[in-house]
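Accompanying notes for the structure given below.
Going by the order they are written in, the chains are A, B, C and D; count residues from 1 in each one.
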Amino acid sequence: MPLTPEQKDEIERARAQSNLTRRATVPALEEILYEAIPVLDHGFVRVIDYMGDDNAVVQAARVSYGRGTKKVSEDKALIFYLLRHRHTTPFEMCEIKYHVKLPIFVARQWIRHRTANVNEYSARYSILDKEFYLPSPEHLAAQSSTNRQGRGEVLSAEEARRVLDLLREDSERAYRGYVELLNHDEEGRVIDPGRTGIARELARMNLSLNFYTQWYWKTDLHNLLHFLDLRADSHAQYEIRAYAEAMIGTVERWVPMTAEAFRQYRRGGAHLSAAGLEVVKRLIAGEKVEQAESGLSKREWAELMAALGR
Amino acid sequence: MPLTPEQKDEIERARAQSNLTRRATVPALEEILYEAIPVLDHGFVRVIDYMGDDNAVVQAARVSYGRGTKKVSEDKALIFYLLRHRHTTPFEMCEIKYHVKLPIFVARQWIRHRTANVNEYSARYSILDKEFYLPSPEHLAAQSSTNRQGRGEVLSAEEARRVLDLLREDSERAYRGYVELLNHDEEGRVIDPGRTGIARELARMNLSLNFYTQWYWKTDLHNLLHFLDLRADSHAQYEIRAYAEAMIGTVERWVPMTAEAFRQYRRGGAHLSAAGLEVVKRLIAGEKVEQAESGLSKREWAELMAALGR
Amino acid sequence: MPLTPEQKDEIERARAQSNLTRRATVPALEEILYEAIPVLDHGFVRVIDYMGDDNAVVQAARVSYGRGTKKVSEDKALIFYLLRHRHTTPFEMCEIKYHVKLPIFVARQWIRHRTANVNEYSARYSILDKEFYLPSPEHLAAQSSTNRQGRGEVLSAEEARRVLDLLREDSERAYRGYVELLNHDEEGRVIDPGRTGIARELARMNLSLNFYTQWYWKTDLHNLLHFLDLRADSHAQYEIRAYAEAMIGTVERWVPMTAEAFRQYRRGGAHLSAAGLEVVKRLIAGEKVEQAESGLSKREWAELMAALGR
Amino acid sequence: MPLTPEQKDEIERARAQSNLTRRATVPALEEILYEAIPVLDHGFVRVIDYMGDDNAVVQAARVSYGRGTKKVSEDKALIFYLLRHRHTTPFEMCEIKYHVKLPIFVARQWIRHRTANVNEYSARYSILDKEFYLPSPEHLAAQSSTNRQGRGEVLSAEEARRVLDLLREDSERAYRGYVELLNHDEEGRVIDPGRTGIARELARMNLSLNFYTQWYWKTDLHNLLHFLDLRADSHAQYEIRAYAEAMIGTVERWVPMTAEAFRQYRRGGAHLSAAGLEVVKRLIAGEKVEQAESGLSKREWAELMAALGR
């Protein structure tokens, strides 16, 4: 993640601010505010603003819980209760804004989460940098033989080298084509005064999906947890998972109680189907249960046994 | 808007905070943070949190406008440009949270704006206060004779008195019924130990739509402007307009450049239809134009002439 | 649910249609199209339009699953897989539109589901009918002693009678006040030519929350299932549950495979927290587990034991 | 737009259906149902389902306009009134579903419209076809000298040829790389049994942004009109405008009255700012107005004069 000196300066200037506010602040999050957390080879995630904290969740729940609440429940218990019982609106009262640099194919998955605000760097307006994603060899894997949308075995060192060579060469060539189409180099200088070049909005189509883009992405805590639950999941593609994991770290700084409830009820635990619940009841009763007569498909049975650690 | 001493204390405690933050702050908005701005007879609007400022709009627009922007456009011109050309996403990067106390019939109109986060005081969980809205005499008006959904002439003093007596008596009676159904008085004391009373979720149905409820309401700047544009409009019901107008005051403190652009392009100005534009062109050319041959309906013609101040 | 002869006529006329279409149709749903399914004392739910069927879900999933899919999975297995793994977007491809008549306090809960389209009968524009909800005696219950937002024991016959008398009288009085404020009776006739009355948008505030309103409500299948999951839940207030249950019946006609998956994975089954899953594993291993050392709160422990039928 | 014989067959089979329904149908739209309308060199738009018609808009508005409406306004006048006064919810009662094949860079703009349902062909799951967009020479233009995000002069024939050669060669090469990375050819055959290849979710990153993807896209009429208004606008990039224009044709078949109101109030006409309105008033009064003293920036002045045809 090579930040330019100018970018580093801007970040340092932002971090040097110290303003007085009547709003709630979260020192653990302020500590890393504006800092670029590296993800993949050239990407990053930066928290650039936030609103609210664990207490804002509690407070919102208690508007609903105004006079009539005789005994004030303990904050953490309330947050756990809310998350467990899917009372999700109080978590919408906190908001966070990230600046993210990410490969375009990751951006294409990410943008499917519609309940967020996005401003993306415009390649109609500006020239994209020559930065593209190359997986590290340990993430270069063959198609999974059991999962039609996942990875299987990691490539041999030799095949990995070959793959990376191909990716690098094609990306380099794509960028050369881009620059030639623009008739402007990376620095914005005209290449050949005898040609006009084509518009930026056209030239960009020559770039491949591993080129980096960047955006501001802002969402509320409820929708963020939903995003993280799906995208940090083991079924998510590794590259977006890497972002989700970096962001979970920021959530732990921001709203530690909510983060703990999230681990307890969303990331940990398991959802049992009606038939799965019956199997569990029988197992607890000491019965022997076979997949064939369980009412579960083989796939579901395997998923249930995995959840039960059997 | 009679706040209890406890509520005043809570507000004062919140206002007494002074925290250090690296985030952008808006002193003019901090000045009124947490304060209750009175609306109608018992309602209020309080800004209780915010994120971002005019500069956050500019910054978000310029992510889209990264390298390649040689000459930095002036912030205000950019904000005006964005609002004029409906580039609305940068305005979504700012967020504000209000605490609002409002009559239920106003809440029912307000909630139709779906792109917001809401936590409402729960009458399943708590007992509602005995607070109901009575219009001031100058807002008591007859059905409009020309507009099926609006008000016409203000009532005579005598009829107004009679109306207010009826509203007050019926509201008082509704609350007496509510308390009796609960078998608990406003202070939560059992009225008749020989009865069980009915659940709060049932008893509330005896209250009328002028009783006050309250909620936390949070939205982004783009959706807030859309809300204010519709609800501060002269066609909106007076009671919700009163809230919208109080909130416009908070927007002016928060994001003064955006507020000015909003006045210039949304609240001021006019939208001309294709046919309306033709009429304007002909008028400018010095032609005489009559409604009958204008292609406009009588109603549209009247609206256009009103916009043109004729 | 007393429909007027005019309303019955309109419904019959709509049902008498028989149009040719190239679109997919669902005969089991067509059978009840436009019919009013009674709910509560004066309410109803009517399916008035729909788009798509179980096959539309499958088809949408397989756009994602185009060439490369060698073996076509069986439709039902695919629907089950999608719902189990929270691949929710294919379910958004089906749409349904209801006409609902419901008490205002139910409408206020319902409207909290924001991902739907709504057109409500306007009491600014029209005069509301004299129709209000009175619970049947078996649904008149005291506040729950264990659940701050629920009902407990059903009232004695005598107290129920007294409650219903109060509700009826207050509702009658509220409507009388409404009519007097309007200075127009239910049929729209002026009552006292010497008075002007007040605008409809003002007079409605005298009505209580048990009066009926009506709306068109349209949503997609994914969001409908989410609504039904929350609102048919035993923690939901009885009155909205009654609507949810009637609507589940329409879903079973419309998309029987999806409805079965919904029963299997959403309504049936249970979600275990991380700590709850540990308890289950230990129980299956034959260990004795006590709440105190389980890591679960008393409340969570009770919920888990209930799910396990212990 | 080369459809395979299998695809043509599927479309013909779908078109051959003839089902009876009690729902409203729109013969003019049924006529083209399922048909692929060509867009760009390999893309298309197909209407694959719909719900509602002009009358559904009227009907939804009149739920709001129930008893109390003495004189039934004419449907078209009502639709015009609704669109003019931004009463947008009745238009949400109609829904349409498209199947679209489009270049990835177009898909990236399109997806920014969040109020829609999408299922995209998954390149994690399946192998993408070798189909990429090459602009026709008349759409190959230089960067605009006045608009930082638009096109200016069309390229000379010679430069256009050179650009197309580069785009074609780079796209061909990108696809060759993709296939080699997969170690499977377009038909799914293993290329080199000595290599494992990499997972589809990785290999796709070698493709450039002009490759075609496809999706099901479903939205309601209100959000569709908003999409079309922005994307058929002259400021939109040509490639997405081509889709918007094809879709406007389908809207004209589907809801002709709404389509006419859309032309009248959205596509035609102009929005005047407060200052712009003052200029217009002065022009009508026969005054001479100069930009310098108009309160408008040069850019706004130019936009206003263009709208007024001066």
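The working rule: contacts are C-beta pairs under 8 Å (C-beta built on N, C-alpha and C of every residue); 3 or more make two chains touch, one makes a residue touch a chain.
Just so it is clear, the structure is predicted and the values come from calculations on it, not from any experiment.
**Student:** Would you mind working out whether subunit C and subunit D touch using mostly the same residue numbers, over half shared, or mostly different ones?
**Tutor:** Same: most residue numbers at the subunit C-subunit D interface appear in both copies.
**Student:** Pick the pair with more C-beta contacts: B-C or A-C?
**Tutor:** B-C
**Student:** How far, in degrees, do you have to turn subunit A to put its CA atoms on top of subunit B, rounded to the nearest 5?
**Tutor:** Here the rotation carrying subunit A onto subunit B measures out at 180 degrees.
**Student:** Averaging over Cα atoms per chain, report the distance between subunit C and subunit D in Å.
**Tutor:** Here the centre of subunit D sits 35 Å away from the centre of subunit C.
**Student:** In whole angstrom, how far does the Cα centroid of subunit B sit from the Cα centroid of subunit C?
**Tutor:** A distance of 29 Å separates the two centres.
**Student:** Quick one: report the Å distance separating subunit A from subunit C, using the average Cα coordinate of each chain.
**Tutor:** 34
**Student:** Quick one: which residues in subunit C touch 2 or more of the other chains?
**Tutor:** Residues 68-69, 89, 112, 118, 122, 125, 148, 200.
**Student:** Given the complex with subunit B, which residues does subunit D contribute to the contact?
**Tutor:** The contact residues of subunit D facing subunit B are 68-69, 77, 80-81, 84-86, 89, 112, 148, 230, 235, 263-265, 267-277, 280-281, 283-284, 286, 297, 299-300, 307-309.
**Student:** Could you pull out which subunit D residues touch subunit C in their complex?
**Tutor:** 14-15, 17-25, 30, 33-34, 49-52, 56, 59-61, 63-70, 89-90, 92-93, 95, 97, 99, 117-122, 125-127, 129, 188, 200, 214-216, 218, 220
**Student:** Sort out for me which residues of subunit A touch subunit D in the complex.
**Tutor:** Listed in rising order, the residues of subunit A that touch subunit D are 103-105, 107-108, 111-112, 114-115, 118, 122, 124-125, 133, 135, 140-144, 148-153, 155-156, 159, 163, 166-167, 170-171, 173-174, 177, 180-182, 195-202, 204-210, 237.
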